[in-house]
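Look at the two complexes coming up: subunit A is in both, with subunit B in one and subunit C in the other.
Let's turn to the complex of A and B:
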């Protein structure tokens, strides 16, 4: 049951998108999120669509799998659509009912915003689909390096992330065991109102924390006895390297940015 | 050593707090994402008040849990940055009743900054949704979690 849960949404593969440097992928996704807010016309969305189609085809992630990721957001997409339809004022009224007025401008605005949300979600989920959690946290660590100047403990944070990732499966298994043990004693996690459910969590939380602390203490002792002393002079097993495909990806993204800016401001 | 102030114990405890956050989010997966969310794990955001190791712990937990957020990168980086700020303020809070405020207020102010343009919904609407979810979880579970954690920390952690 709980053991089958995967961290993140990683879809394993060997495609050229999977093998892009995680740092480059994070930067590209960031640029993608920003540039999508500069799109002013449906031609702009055409460019976004082409760019995304290229990325999805290269990544080898099935389209159906990606659409499944949109499912939990259907309600929000619909809400976005309707809010924009009815809260946009316009000239050409299509129909009027009570205080709802549907205008042509509103309808266009609704479609536009709905599309933006879909592109945003699909585009950014491509990052988590094609990058393993380890690679992703590695990439984040590298991108945070400049913060070292402000004495921000980048290495320690990265260490915590790695240890947490290592402990998640262990603690999930533990939680599963605790839940079953408490259920055998008559605990009920699945019924009742919000208050009752919240209270039911206490017999889960206490043993979970105790076991987590015990593990933390043991781990700290193990690390100390192996003379762990922070980030200085530490070497890594995997050193990220940028390859030519990273520069190609950056170049294509640059073209997209250029195209959208030209389309919106010229 | 230059940075001896972060002990191995601190690193290890932060990491397991992050893992516990993740596990709790996973256990209650269906209600943990989106604008109106009742993320049980958010009850842990009060812990920095008694344990400084929870400051990075909660933020990293949030980051790892958000790896499976349908919103992707914005939620991963934005959510954890806001959690970090809120956790720090909670850590500095003068008493336990004020300590439960930053996770509610910071999330309600901060999260809509990136969520509202994402959803193209008005800022206040998203803020109200977030505040509702956070207030419910932290209101019900916040203070009990805090007392519980203090007791467990005293009894079961050698480092204190």
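Let's turn to the complex of A and C:
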């Protein structure tokens, strides 16, 4: 059940998008997520498409690889498209059959929703395709640094992220072990209805949580015995630096935001 | 229990429970197929976040939820888009049990655990519905109905697992003390 698991969808490369500062990539992705909700016309989506095409070409990630990532979402995109098409009321009726009424407004709404979803998935997955999980968590930690002024525990949060990333493979192995042990005792995880399948997981999950707890206990003891005292006066080996390409990426994103806002509200 | 654990242990517990939540959500979920497609995905990834909130309080509960959503997306997006609203929902999944166990239900008896989990779901499910409606427009209702039904089936199992785990952890902590 837990075979062939790949952690992360990072596509290794040395492209200019790969080499962008992870902080800049995170900021750009957030701006992209927000701005996509402000698009009101096809011209706006045209701008998004041009921006995305430029990013994908520069990243060197094969388009086929990107489209493969959209495959699991195909059903949701199709459903979103059809429901918005047939259940959006409007005045200009194009087609009517039984209780399905296709209006011009509905068609537009369906296309808009479908495009929004496709661009959201493609845009956010470009971040994870070109940034390794470690670089991503490093970037988040640096972005949160200003919150230290409000006594926000930035270092502690970064430490939790590091621990979580470090222990995912270990706990996956542990899950596999517990699963095999319970199966040897006659547990059946794959048959029965939804409730029976959920109930069958109790003998797997409770030992898994207890095991995670024990590991955390040992880890805390090891940290304490090495005099871990949090982030006070700690230095870093690698300090991220912004380069000219980061400013160019930010400027292009700013132009996209400006273009969309002008197109939507003027 | 929340005050008896030191800060370093809290960091370690939260890290490990975040990892457990990511594993359960991203690699160990089971899907229900409708018309040949995996239309509904159910997982137990919320339980470690809730347990973390119950054990360590609202701050660490919320941190566990937020980190599980962000790192989980970085590790395996499951073909979906990143949306900050779901991070907020995941934060509340840890924050609400933390607040309720700290201020309202200090004794972790069966009814209080059940009530905490039901209240958490009552707040997070409608909130996540709002994000769905933003993402999918009118189609959100088709995702909501099976989701609510699935949650209805899973809540009793959530309660059993959370209560059993908290009881075991209490035992471990009290035996370590003696």
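Everything that follows uses one rule, which is that the second predicted complex is superposed on the first by the 262 of 266 C-alpha atoms of A that agree within 3 Å, B and C clash if a C-alpha of one lies under 4 Å from a C-alpha of the other, contacts with A are read in each partner's own complex, and residues count from 1 in each chain.
Keep this in mind: contacts are C-beta pairs under 8 Å (C-beta built on N, C-alpha and C of every residue); 3 or more make two chains touch, one makes a residue touch a chain.
Bear in mind that the values here come from a model prediction, so they are computed numbers and not experimental data.
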item	value
Side-by-side fit of subunit B and subunit C on subunit A, or clash	clash
Which of subunit B and subunit C A:88 touches, first, second, both or neither	second
First, second, both or neither for A:163, with subunit B first and subunit C second	both
Touched partner set for A:253, first subunit B, second subunit C, both or neither	neither
Which of subunit B and subunit C A:30 touches, first, second, both or neither	both
Touched partner set for A:103, first subunit B, second subunit C, both or neither	neither
Partner chain(s) touched by A:130 [first = subunit B, second = subunit C, both, neither]	neither
Partner chain in contact with A:59 - subunit B first, subunit C second, else both or neither	neither
Contact residues of subunit A, present in both the subunit B and the subunit C interface	2, 5, 7-9, 29-30, 33, 37, 69-70, 72-73, 75-76, 79-80, 83-84, 87, 113, 116-117, 120-121, 123-125, 127-128, 133, 136-137, 140, 156-157, 159-165, 167-168, 170-172, 175, 194-195, 198, 201-202, 205-206, 208-210, 212-217, 219-220, 223-224, 228, 230
Subunit C - residues contacting subunit A, complex	6-9, 11-20, 22-24, 27-28, 30, 32, 37-39, 42, 44, 47-48, 51, 63-64, 67-68, 70-71, 73-84, 134-139, 141-143, 150, 153-154, 157, 160-161, 164-165, 168-169, 172, 176
Contact set on subunit A toward subunit C in their complex	1-2, 5, 7-9, 29-30, 33, 37, 69-76, 79-80, 82-84, 87-88, 109, 113, 116-117, 120-121, 123-125, 127-128, 131, 133, 136-137, 140, 156-157, 159-168, 170-172, 175, 194-195, 197-199, 201-202, 205-206, 208-210, 212-217, 219-220, 223-224, 228, 230
Of all residues in subunit B, those that touch subunit A in their complex	1-3, 6-9, 11-20, 22-23, 26-27, 29, 33-35, 38, 40, 56-57, 60-61, 63-64, 67-68, 70-74, 76-77, 117-122, 125, 136-137, 140-141, 144-145, 148-149, 152-153, 156-159
Residues of subunit A defined as touching subunit B within the complex	2, 5, 7-9, 26, 29-30, 33, 37, 69-70, 72-73, 75-76, 79-80, 83-84, 87, 113, 116-117, 120-121, 123-125, 127-128, 133, 136-137, 140, 153, 156-157, 159-165, 167-168, 170-172, 175, 194-195, 198, 201-202, 205-206, 208-210, 212-217, 219-220, 223-224, 228-230, 232
